Amino acid sequence: MATVGFIGVGNMGGPMAINLVNAGHQVKVYDLSPDLVDNVVKVGAVAAASPQEVVKDIDVLVSMLPSGKIVEDLYIHKERLLASISASTLVIDCSTIAPENAINLALAAKEKGIVTLDAPVSGGVGGAVAGTLTFIVGGEAQAFEQARPLLMNMGKNVFHAGDHGAGQTAKICNNMLLAVHMIGTAEALQLGVDNGLDPKVLSDIMLQSSGRNWSLELYNPFPGVMDSVPASNDYNGGFQVDLMNKDLGLALQAALKSQSATPMGTLAKSLYSQHGRQGWGKKDFSSIQTWFKKVLNKNGAN
Amino acid sequence: MATVGFIGVGNMGGPMAINLVNAGHQVKVYDLSPDLVDNVVKVGAVAAASPQEVVKDIDVLVSMLPSGKIVEDLYIHKERLLASISASTLVIDCSTIAPENAINLALAAKEKGIVTLDAPVSGGVGGAVAGTLTFIVGGEAQAFEQARPLLMNMGKNVFHAGDHGAGQTAKICNNMLLAVHMIGTAEALQLGVDNGLDPKVLSDIMLQSSGRNWSLELYNPFPGVMDSVPASNDYNGGFQVDLMNKDLGLALQAALKSQSATPMGTLAKSLYSQHGRQGWGKKDFSSIQTWFKKVLNKNGAN
Amino acid sequence: MATVGFIGVGNMGGPMAINLVNAGHQVKVYDLSPDLVDNVVKVGAVAAASPQEVVKDIDVLVSMLPSGKIVEDLYIHKERLLASISASTLVIDCSTIAPENAINLALAAKEKGIVTLDAPVSGGVGGAVAGTLTFIVGGEAQAFEQARPLLMNMGKNVFHAGDHGAGQTAKICNNMLLAVHMIGTAEALQLGVDNGLDPKVLSDIMLQSSGRNWSLELYNPFPGVMDSVPASNDYNGGFQVDLMNKDLGLALQAALKSQSATPMGTLAKSLYSQHGRQGWGKKDFSSIQTWFKKVLNKNGAN
Amino acid sequence: MATVGFIGVGNMGGPMAINLVNAGHQVKVYDLSPDLVDNVVKVGAVAAASPQEVVKDIDVLVSMLPSGKIVEDLYIHKERLLASISASTLVIDCSTIAPENAINLALAAKEKGIVTLDAPVSGGVGGAVAGTLTFIVGGEAQAFEQARPLLMNMGKNVFHAGDHGAGQTAKICNNMLLAVHMIGTAEALQLGVDNGLDPKVLSDIMLQSSGRNWSLELYNPFPGVMDSVPASNDYNGGFQVDLMNKDLGLALQAALKSQSATPMGTLAKSLYSQHGRQGWGKKDFSSIQTWFKKVLNKNGAN
């Protein structure tokens, strides 16, 4: 069992840290919000008063933060936390950020002899709580093998995508594809319904045919087709449109950098941007189904 | 065992008819091309000299034809075959055509007391040969139950999508979604590769994550990732771009009729139309992967 | 001066017929709605009790109808009006319909020795009233020259696009391009406003730069930038979203027929289809500006 | 007449500096390439050995550089040129860069009491040579008025778009709209041609109708329709695809920042990215017309 520091214990980081405690690790936590820290302390973690205190005498540091700017500010620019971290501590950043940010962190850390991994996750809050997350990891193979047991305490799949930044790149590609088949699924279902099909029957047929995809199989966006998904709960819970927009933004940044053409991904981004602007930002991303629906006319005259 | 007439024994219809012969049915076949007829006669079918001869004294008529116009011309307008069909014969049209064409056939047949089903298939030439097709059926429930055993001699999945035309509508929705996730998969793989990932590693990760879909799982479009798919055979074999364009055209027609919005599907259609125009019409539809690739510059000067 | 029959005197046909009366022609009118006929009779036209009565003893027949099916039903299938038209009568159909419908009419007419032109218009209700329409004409050059003076009584520009159907094709291409630059203009203006620009200043700059286009110049979609346009009148009046959707549907049909790739046009169609479904069908097509706007959040929690 | 420093005298900056010399200003120039400096020295400018030497004893500094990173490195980070500039010198940066870069420059300059303007241009190399550029300026009104006469020596239109960065934002919006109507024009022309129209006739019709736009009017992308445009010169000269891709990249960055939806602009970006990847990067951006063309089949078998 290891001594683990954990920075950022919100919706995702909180349950991840709790799973580490439950697995028998000694866990020190820090967050700007004391309430979030309390949630983890209740199950056996120790509270730290500052990032600098968290990183004292630990084997591994895990961070889970909302943006690349915050990650770089914490480790490199403002908080300069790297200066306080021992070279024997393995740093695992689980934030979803641009590959560039992950590479910047890795290079700055390397100058001080510190080894880092970028390890963004897939699986959402549900997966974080259940300990069934997928970790998509970038960095050196040896560090990856060292981190694997700890990551398996928080998830059930761990992949080594490649060098520093590769974990971020792979996650970005995956989530872009997710957005594409979610919207594709929503429009196929609505096209069927508009032409007289039952959405449940059409879903069953496509699940057994070449239209099959994760959105259709586990996350049907049409209300009433599947129990226990956001579509059947007024699109509450799940993965927010705002977060999908964040990930699609990272995908576009990557595409701009490599001058890749991503017609489906950028169209998905435009539709999700508009969907967010129309007020759906805090709803689940499968609510894009409502985009396709027919509503009443604005004009009393028709 | 039944006496079955079969019209249209090309790439798809030929192996389907052979599977009916092999299942023990008495099969009479007709096609404009005598060579195609011979292929089925060799395994035990009987050749008919005309459509009218095929439909004499049969329990079931199966047709597999290339377009809605040809189907309507055969049954209703030019050949007026419905006039020669007994009311006790069940007509199963397996062609992929517009729902309107299927409904026109059903209504014209009903006037003469003949019952029809639209039963387009999914699974391609490989599925036709192996007898593993999926049939997506529209029409009355009783006729569907009557047809089921015969369809199971040619396939392994049979779905009742709804009333006349519903089989066509469901197939169209499915194939539109297939086109969307195939292109989405191709662009996600290229985005990853452009940013340093290995296409096989990225594919494995996305298969275990929310990007998972049929294209990625069974039909990876990136050369070398998967054996035995068209991508690893210079995009030969498989499902031609021209045929995907035909199905996407039917999807757009359906969307125009119902005034449905299908941004992903219509973008897929535009990209596949252009891809066909660039000379890829006879290649497999996963060749859209090449659309995303970087090539040499036109201009010697750079 | 000629004796002119006119069928279809609604929003467009009504003012066009009135302009013919005002130019000194003898005009006989027919419409399913007697009220619409009255509007033209008031200024000096004669009412006809049936299409057959309209076409008696006239030099020219003008029709202005809402769809290709109605045009074909009137002239060829149901009403079979061609049978009652003299070979000396020039038939000018100003309806916006598919090129196929126009060609079908031309061929059926030719069998009876009747000459037709397809002459769809651009310029809207305002242009119809002011007599400033543009006519885009398909058919033989001689008939075009014969029709020109009469068309100039209803418009100010008359183009000969080519053979039968070419008038329709040209109009379809034009209106697809219009939809594309209208949406492009709306999104450029919103992008500027979202980044701190004044929409009037940005419009002025783009009008003097390479972004210039008809939508920006004469029909600015941003409320308050330009007086006397629908955007400054709550998007009332003008060219309805439903009508733009009809024209974009014709463009897609043409593209499907020729297997042309039209990525911008089909995206425009998807956005206008969705816009219509969201209740904007009876509003002006520049109301697509509202699609881009930021609105309040659905979820009280944020 | 003023004493003007000029940094960056390539394709654009070179002729701009020459026009300043010709207008009677004293001009000092610097560029990494001595050959480019020579071109301007030949007409009467003075060469400077370094950026620091250029900025000594001048009234105005003009810079024309290829990217925001280079601009920031020159003025702020690496070269720290701001430290050598007198507070009485007006800095006019004509580079096309992100609004953020322009704002960063303005803020860093302000700390040293230096006033800047962002003044990107429209009009291309031709406009630079002819002195007919359009300047789209961001910054304070007083500085704008001070710069105006000098800018009018290099162009014929000068706009004040708003505060610092607004010049860049307005240019970005304009060029995004330009890309949209260029592609829209290309696809409308090809759709017409595919359906039997003459591209010149169709262009004439649309120019007099609501499809009219700058691309159609001054820059027709269909070969042979218009003399003296790149389309009639094998798409050589003009505004390179690579540069359009740069500007569309800036537009996407701006849209990501403001979470604006730009479906047409992002589709244009994807198509231009792919077009560049297919080897057209150094050709004129109207070469997107070739994207729509039908070519021979890859597969000998058809």
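Letters A, B, C and D mark the chains as written, and numbering starts fresh at 1 in each.
Convention: a residue touches a chain if its C-beta (ideal position, glycine included) is under 8 Å from a C-beta of that chain, and two chains touch if they have at least 3 such contacts.
For each chain, UniProt lists the protein as follows: A, B, C, D = 3-hydroxyisobutyrate dehydrogenase.
Quick caveat: nothing in here was measured; it's all calculated off a predicted structure.
In terms of C-beta pairs in contact, the better-connected of the chain pairs A-B and A-C is A-B. Averaging C-alpha coordinates per chain places the centre of chain A 38 Å away from that of chain B. One inter-chain figure worth recording: chain A and chain D are separated by 38 Å, centre to centre, where each centre is the mean of the chain's CA atoms. Inter-chain spacing, taken between the CA centroids of chain A and chain C, is 49 Å. Among the residues of chain B, those touching two or more other chains are numbered 255, 259-263, 267, 271, 274, 277, 291-292.
If each chain is drawn as a node and touching chains are joined, the picture has every node linked to every other.
Here chain A touches chain B in the complex through residues 99, 122, 134, 136, 157, 159-163, 165-166, 169-170, 172-178, 180-181, 183-185, 187-192, 194-198, 201-202, 204-206, 208-217, 219, 251, 254-255, 257-265, 267-268, 271, 291-292, going by the rule given at the top. Chain A contributes residues 263, 267, 274, 277-283, 291-299, 301-302 to its touches with chain C in the complex.
Within the complex formed with chain D, the chain A residues making contact are 245, 249, 252-253, 255-256, 259-263, 266-267, 269-271, 273-274, 276-277.
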